[in-house]
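The structure follows.
Letters A, B and C mark the chains as written, and numbering starts fresh at 1 in each.
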Amino acid sequence: MSLSMNSNIELPTARVQTQTASGMVAMMVGIGLLVALVSMPWWAHQGTIRSVVELCCYIAIAQMWNLMAGYGGLVSVGQQAFMGVAAYAMFALAQNHGIDPFVAVGLCLLVPALLAVPTYALLHRLDGPYFAIGTWVVAEVFRLIVTNMPYLNGGAGMSLRVMTQYSAHERAIGITILCAILLLVTVGGSYWLLRSRYGLALTAMRDNPVAAASQGVNVKKLRFLIFIAGAVGTGLVGAIYFMTQLRITPESAFSSNWAMIAIFIVMIGGIGKIEGVIIGALIYFFAERIFGPYGSTYLVVLGLLTLVIAIYARGGVWGLLSKVVNIPLFPTRRTLVSRDEK
Amino acid sequence: MTSPLLSTQGLKAFYGDFQALFGIDFEIAAGEIVSLIGANGAGKSTFLKSIMGAITVEPGMVLLDGQPTGGAAPHKMVAQGISIVPEGRRLFTGMSVEDNLRVAIDHAARGQESWSLTAVYDLFPILKAKRRDLVQSLSGGQQQMVAIGRALLNQPRVLLCDEISLGLAPRVIGEIYAAIPSISQAGTAIVLVEQDVGLAKKASDRLYCMLEGKVTLTGRSSDISREDISAAYFGVHDEVA
Amino acid sequence: MRWLDALIQGVLLGGLYAQYALGMALMFGVMRLVNLTHGDLVVLLALIGVSLAVSWGLGPLALVFVLVPIAVAIGYVLQRAILNNVVSQDPLPSIIATFGLSIALQNAMMQVWSADTRSIPGFGIEQASWQIGPIYVGVLPVIVLVVATLLTAAIDALLRFSRFGRAIRASAADVEAAALTGVNPKAVYAWATAIAVGILGFAGLFQGLRSTVAPFDGPAQLIYAFEAVIIGGMGSIWGAFVGSMVLGITQAIGFRINPGFGILAGHLVFLAVLAIRPQGIFGRS
């Protein structure tokens, strides 16, 4: 009996598919929303524009925290550090050096990027909870240093007077475009990252760093890069937010409220998922708008809700919803489909 | 056997979705020495963990004095008179030998007072000399003695020994196993989990052999032949691969 | 002479910080858990002290006997009801859970006590001082330092010699093995936290006496506790004490240099320790 290789054997061919129907719909809607955002200066009130800008900032800062904590395992309660330094850098470039504010928003990002390196070097050996408090200390250090810098007008803060060179309408156009860029970079960028091969490495790292490392994922380097990316993304939020405010003080720039906002949004919405960030941002945004005027009780509720979710429902609202229906808006799960199937 | 001190009935155990034990029937009477042999992954340690409550199982699957105790928390099992010499010893590093032993004394089962610190030091004299040393500075064999002493000071009615010979030199294994008869004479039932078949056979009254989560052989240690054990240990069946 | 004065003030400040740091060191040593509400609990206990002093006219000594038991109870319930659910290898749930609780607690305190700063009436003890040569040494700070030293010694002795201390050390070394040796981990954790928060009963009283407290002061106290533990070296009770002294002295000297620089000086020394000797003064590398 002879064994012969049958060269006519048909092996089933397969491809990896990530996109889903709901994902396509969501992408269409998303593009539509971005277009609507950029067109707002022509049909919306100033107040509405400010609210939408604030919502965009919430989404962006939360997504940066989501990336660092949900995938990098870097839980921070001090992202206000990078918000503040970027915003102050932007103000300084615009007010003290006459650079166009919209250009300054881009240039200022060098500062959080550079400061993130020694910050990470100092903190990364600390255990999880101590790392978190360490980031808070860094934010406090930045705040105290800025308060004592005459170059930045110390505790009195700075005003972005150079913006008066633009009309209100022109400012609105600039800000909404920046917001659209912000969302594309933070949310879109995260999504692109998760769909790329780095996304696989990140997910592996999240699930089991030791196993991931054994498969060749450079965990240390990836964590470091995520921290830098998170710092820069957070910085961009800060620059845009305070450009809208036209005024910055050390208290507001380095306020720990930002950490609170990011954590509430991500945990209540659903950690590790972009859909969770969007849901969480909407929940927080409307809770603040509706209940804020009655005092700070809504924060007690949100705080307790975060506590309960951290213990009993770690996937947040989106996690609970996903158990019932599976309609990912930002699909990242890779499925193997035979080429014969649609 | 009239009524066993400890028994399991149809014991099933899972790690998440993975089933490790497929219905183990086991029993041991007071003063007996029973060994449990099998290859790596057969489920021997899982079996001991199920008895100790380190793994959750249904209550009725583990019976102590005829009462269901499956799934009870480990410290409750200790209080009821079951103690374990864990796989890998699991001593409290950073604490002295005597402190390791005192933790067991602090949390011993009530009722009998078979074992005192002095008695343990008589059993393993080297520990008395090293009693103030940190446990991590001891040799493997000495650490095993501390682990056994610690389990004894819980005043067990049933002592579970999980691979106490692992990683030890033959002479040291001999020293450790020489202590087993004294422990049994004090009235304690002993379950010996071992990979070394010869050791297990010699030291025990009865034995069970496990393979892939099931019992493949059981009987009096002196009556079972090497061939029977080989077949049960490796699972050689009639069919040809 | 200004510097000697600063040194003494710093040591006395360190005594207060030691009472913050002890509990944190204990909880982290046993459970690898950092309770982010640690600072808020100091504030809560101080505010409860304020209310009790105002409503019932209790003096500081009487307050000790009321606040510390309340604190112990709070710690026990906190651990049993909430924190026992988040003790695990993964630090995220404990950080988030205690963070959420911290925000809730701060804002709840706001609702009850409003944002006004308050202090506990000390009936003169805040101003009393001894004169040693040209220096005035406050009576209260010395009491704080003595209490801190006694508490540190007591906790150290508890860990070394008592049944409960052995159970704590065993749980810290290998909690599964401890359970297999008869230790009930949930109970050990609950009492460890009860002790940790009980110490904060003293700390809250002293902070309320020497200074003012307001609902949102918690995070600052948390940071001081954390810095003291890191500087002194994790896993060491006397390390927490020494780290507190270093922090207190640094802050006091910083204040002498420039009033705006005091807290920042502490932060900078902390970062320097992280950079140069991350295991802390007494920590093993």
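The rule we apply is simple: contacts are C-beta pairs under 8 Å (C-beta built on N, C-alpha and C of every residue); 3 or more make two chains touch, one makes a residue touch a chain.
If you're wondering where the values come from, they're calculated on a predicted model, not measured in any experiment.
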Innermost chain, where centres are averages of C-alpha coordinates: C
Distance-maximising chain from chain C - centres being C-alpha averages: B
Centroid spacing, where centroids are CA-atom means, of chain A and chain C in whole angstrom: 34
Chain A and chain B, separation of their C-alpha mean positions in angstrom: 53
Centre-of-Cα separation between chain C and chain B, whole angstrom: 44
For chain C, residues contacting two or more additional chains: none
Chain A to chain C touching residues, read off their complex: 69, 73, 75, 77, 122-123, 125-130, 132-134, 136-138, 140-141, 144-145, 147-148, 256, 260, 263-264, 267, 295-297, 299-307, 309-311, 314
Interfacial residue positions of chain C with respect to chain B in the complex: 163, 166-167, 169-170, 172-174, 176-185
Complex contacts: residues of chain B adjacent to chain C: 52, 54, 73-75, 78-79, 83-84, 86, 90-95, 99-100, 102-104, 106-109, 150-151, 154
In the complex with chain A, residue positions of chain C that touch it: 28, 32-34, 36, 82, 85-86, 91-97, 99-105, 107-108, 110-111, 219, 222-223, 226-227, 230, 234, 260-261, 263-264, 267-268, 270-271, 274-275, 278
